[in-house]
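There are structures below to look over.
Across the two complexes that follow, chain A remains constant while its partner is chain B and subsequently chain C.
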Partner chain A sequence: MSTSPDSLTHHPEPGAGQIRKGLTLSSLNWLGVAPFFLFALLFLILPTATLMIGAFQDADGHFTLGNIARLFDDSILSAYWISFEVSAASALGGTLIGLALALAAIQGGLPQWIRPTLMTFSGVASNFAGIPLSFAFLSTLGRMGLVTVLLRNYADFDLYGSGFSILSFLGLTLTYLYFQIPLMVLIVTPAIDGLRAEWREACESLGGNSVAYWWHIALPILWPSIMGSALLLFANAFGAVATAYALTGSSLNIVPILLYAQIRGDVLHDQNLGYALALGMIVVTGLSNAGYIWLRSRAERGRE
Partner chain B sequence: MKSTSRLGAWVAIAIGTLYFVLPLIATFEFSLKMNRDGYSFEAYKVVLADPGFQATFGYSTLMAVLTIIVGILLVVPTAYWIQLKLPRLRPLVEFITLLPLVIPAIVIVFGYLKLYNSSSWLPLTGNERATDLLLMCSYVTLALPYLYRSVDAGLRAIDVRTLTEAAESLGASWPSILLQVIFPNVKSAILSGAFLTFAVVIGEFTMASLLGRPAFGPYLQLIGANRAYEPSALAIIAFMVTWASMGLIQVFARNARPARKTA
Partner chain C sequence: MAYLTINNLHKRFDDHVVVHDFNMSIEQGEFVTFLGPSGCGKTTVLRMIAGFETPTSGRICVGGEDITQQAAQKRGIGMVFQSYALFPNMNVTQNIGFGLKMRKCPADDIKRKVAEVIKLVELTGKENHYPHELSGGQRQRVALARALVVEPRILLLDEPLSALDARIRKNLREQIRDIQRRLGLTTIFVTHDQEEALTMSDRIFVMNQGRVEQEGRAEIVYTEPATEFVARFMGNYNLLGAADTNRLLGLNISGHLAIRPESIHVLDGHSQQDGTLAGTIRQHQLLGNIIRYQIESAGITLQVDRLNRTASDLMPAGTEVRLQISRDDMREVR
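The block that comes next holds the complex of A and B.
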């Protein structure tokens, strides 16, 4: 309800000082985007803001930093740490493998059909997340999974005897890679396409070999894109709930699952601590996204 | 040098293929093993005949369709208006549409539960229809980044101003400009955003589960926790739905390409 007057006062009309007639016209212009801002306010900004405020309040609504301080309790800090590890490992693996796949498909001199196939498949796989993905990995690497059984029967290797479990850190990371790698392929492809053939030719004509080309030319150019993508992948994994929940139930103590359990049944026995937990997630994903945007703008500037 | 790098490329693609195809084969193989005496499609029969499957899949399909309609009605006029009249607002609108990628879904829905609980000023979680509305709005939120970017790209590829002025000079009203001039010109962009939205919404778990609505995502979770072979069959079905959505995007993108080149 408060959007249109609010946005009116915050952003003076562009043509306000120029033409008098423009004043009424441009206030009408605001009506055109009012539904969007109203929607964003009601279903995106206010809900998030109310949590942020709640994170700094006690049960009676008084200001406190106690909730934030309790985020550093061992049990909660360890949840953040495991989340951080899983997200970082899957972001790192996704970045490296996705980059390798994209480079192979675009610059590896492979047949023409490889690239569109990889792109289409990446579009599918990057969206094949959540609960079905966890089913797929249980069928593959679970106790009765195909790979587990094949290894036991034919390679005489007991995967679970060696300490592996799909419910563990490694299992969750392997599962997350299924949507992280394709996402990396999709984000980094435009950057790789931006590498011009002339640069390689120039390098070769000056006597540089492949290593020199990659080390001195391609990597420095791709670097901001690669780092930015890694940050985006990190945020992507950090906020994911469904895959981990369906895979591990609540046996792996990561932040989104802790928050899910808190919302369902108040396991922290403190609503406001839950708000602080949510605030912590926004801070982590917000920082990594801000880093992504910053690095992407640098990459774009470098290309111009 | 060239042949070794090509060998490396083949190795990368081969390992990648193995990693991505193996889980699909394993899932498919597992889904066929419900009958003890050999492979059969028994798990699929059981799943498809389950009233729970039909009800939740139908519910989520309806939600996805409503999300797409409301999302398009919200995004197309906004993107159009920004392009035509308020280009200064573009960075702000773009930033807002990207927020759902920054704020995790679980945080957004937590905010809904705090803001719209049954004792609040707008008790949207008070009854089922209102909660359905809230769930749909949450899905529109999730779809914003995909929808806005795809529609905005489509609008940039056509000359919005000239089209609008031409329509205005022929006496067209604003609704008919939007419906008869702008919509048809960005149809393929809208459709690709719509299919992506469908793929995202159909199996969504977090929002539906925490708002307590009988959607396909929570049903999948329930089956996963209680059954052995049905989850694999459901995973294959879900994969095919995603694949179909993405395939349709490719089809429409391919049809749109020559049109964009001439524009």
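The block that comes next holds the complex of A and C.
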């Protein structure tokens, strides 16, 4: 191959035409992502800004800290506490059951078809919420639900007589678990996939058994992912409104239902208190999500 | 009596036979290499010795003890993996001390032994670093230290250098060999790199399709390939079929004739020396200390290596030359 000295040293400057072409391409790329930014602006940033401002205004639009102060009323604190309990219980249950399911499907030596089946189901079930989910649970575990009736007729067991109610704390937690468990499966699966077979083998060749592997290696590696996922599940439950409202109406006093009552225009109508309640929810879910992102980055950093 | 003996080892995955009737014996303190292309079964044999795979049939004995069915954690065999396999949640000290902790060594002993081995692999000052804070070469030295500190009966190295760049690879292979000699450790090294195998090993097992093609001392395997596969794999041998051999050299053979590129001498085109062949240089490649020529003779292209001593050594394409090949440098292979 021959190369002339010119071809080695000559670097032509980009012409005006090339610059224009570059700018046009760049503009087209921005145009491609414009719908996303527009959507985020209209349905996320503007509403959030509106409610943040509204939380510090009275009905006449004057600045006040009264709405924030009212968040510390007993009834509202109680609503936050119940929301916290339901979210924490469903996050804990979802984390433990989802982790066990994912571990069994990925590392349990089960038939190969189990994993894709579980993933497909989880993809669907994690998005199955709101009125359809509430209806499904009412028709199975409601007072006249299929399972309740079957238990009464064939197992001589009165579910509601035992204290259970689908409209209670336990009922709502159970219903939330329906989407929390599959969400956990979906989130934690990549972390479990990241457990390398060589770590187990290295542990074995160094004299460690299976317990030692899980205790000293696998669980510490998975820990940030598990904790992060639990926080995400908590935020997911804390923000859920449609399922709770459709299932319990106003019988369970949780924050999203209280918030809904303030903005829908009935006798409790107080839009600015609603904004303050929403701000409180944003703070709680925001902190949970921030914790999730931090833990996830920690989990990824260790695997470089 | 040999320290490690493997008899009639056989491994099948479903219908695919990966290792056929593998036999070997290694003396204590020997450095042996399994050399072969990807998928030839070398890593599978290593994994069966480590206890990570169960043989379909055959027997593995260490020091007279049959370990074929023994669990990996009870074998006392150390392993260094290609991908290091360091525990990312532990720092250098914790990684190295893990094996001793599993053996329930007292904390003071762990501390002392870990410090010794850290010094041995030249990682002083990195004790508190986590794997992601180390370079590839440092990670592999931690992996080596982790395997060495438990004083294994046999050390297995599964392509430990292949993920490293050339300079670090060269340094580390010298370091591994030096440590192995100092500790007198029986070692099996797996690689697909013939240069690595030749520079490090006491003995080489060249493997192909689950079988041992040739076994012997490094210099013998290189200079006296037993089969066409070994000749092709070990170097840039010129391999001539029976017809080409007859046309070029007037010799009648049944298999292939293997001639190493550096054993063909290039003489001036006007040389009148008997037994030389006329040739024309078609191409050349500069490989640093070597110039590799493609020389055509009797319609056959031969690869010839010459030392690159001075710039005037380079002969351009089209140069007429005479080629001299000693009968001793021709090897008939199966």
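The definition used in the following text is that the second predicted complex is superposed on the first by the 259 of 304 C-alpha atoms of A that agree within 3 Å, B and C clash if a C-alpha of one lies under 4 Å from a C-alpha of the other, contacts with A are read in each partner's own complex, and residues count from 1 in each chain.
Quick note on the criterion: a contact is a pair of C-beta atoms (placed from the backbone, for glycine too) under 8 Å apart; a residue touches a chain by one contact, two chains touch by 3 or more.
The model shown is predicted, which means the values in this text are computed figures rather than measured ones.
When the two structures are aligned on the shared chain, A:261 is found in touch with neither chain B nor chain C. By the document's definition of touching, of the two partners only chain B reaches A:105; chain C does not.
Of the two partner chains, neither chain B nor chain C is touched by A:92. In the overlay built on the shared chain, the residue A:209 is in contact with chain B and with chain C. By the document's definition of touching, of the two partners only chain B reaches A:282; chain C does not. In the overlay built on the shared chain, the residue A:167 is in contact with neither chain B nor chain C.
In the superposition on chain A, A:68 makes contact with neither chain B nor chain C. Once both structures are placed on chain A, chain A residues 209 are touched by chain B and, in the other complex, by chain C. Contact residues on chain B toward chain A in their complex (touch as defined above): 1-2, 5-6, 8-10, 12-13, 16, 19-20, 22-27, 29-31, 74-75, 77-78, 81-82, 85-86, 88-89, 93, 96, 98-115, 137-138, 140-141, 144, 196, 199-200, 203-206, 210, 217, 220-221, 224-225, 231-232, 234-235, 238-239, 242-243, 245-247, 249-250.
Looking at the complex, you find that chain A touches chain C at residues 196, 198-199, 201-209, 212, 216-217, 220-221, 301-304.
Those residues of chain A that touch chain B in the complex are listed here as 11, 14, 26, 29-30, 32-33, 35-37, 39-40, 42-51, 54, 97, 100-101, 103-105, 107-110, 114, 118, 120-121, 123-125, 127-128, 130-140, 144-147, 177-178, 181, 209-210, 235, 238-242, 245-246, 249, 256, 259-260, 263-264, 274-275, 278, 281-282, 285-286, 289.
Of all the residues in chain C, the ones that touch chain A in their complex are 50-52, 71-75, 77-79, 81, 83, 85-89, 98-99, 102-103, 130, 132, 146-147, 150.
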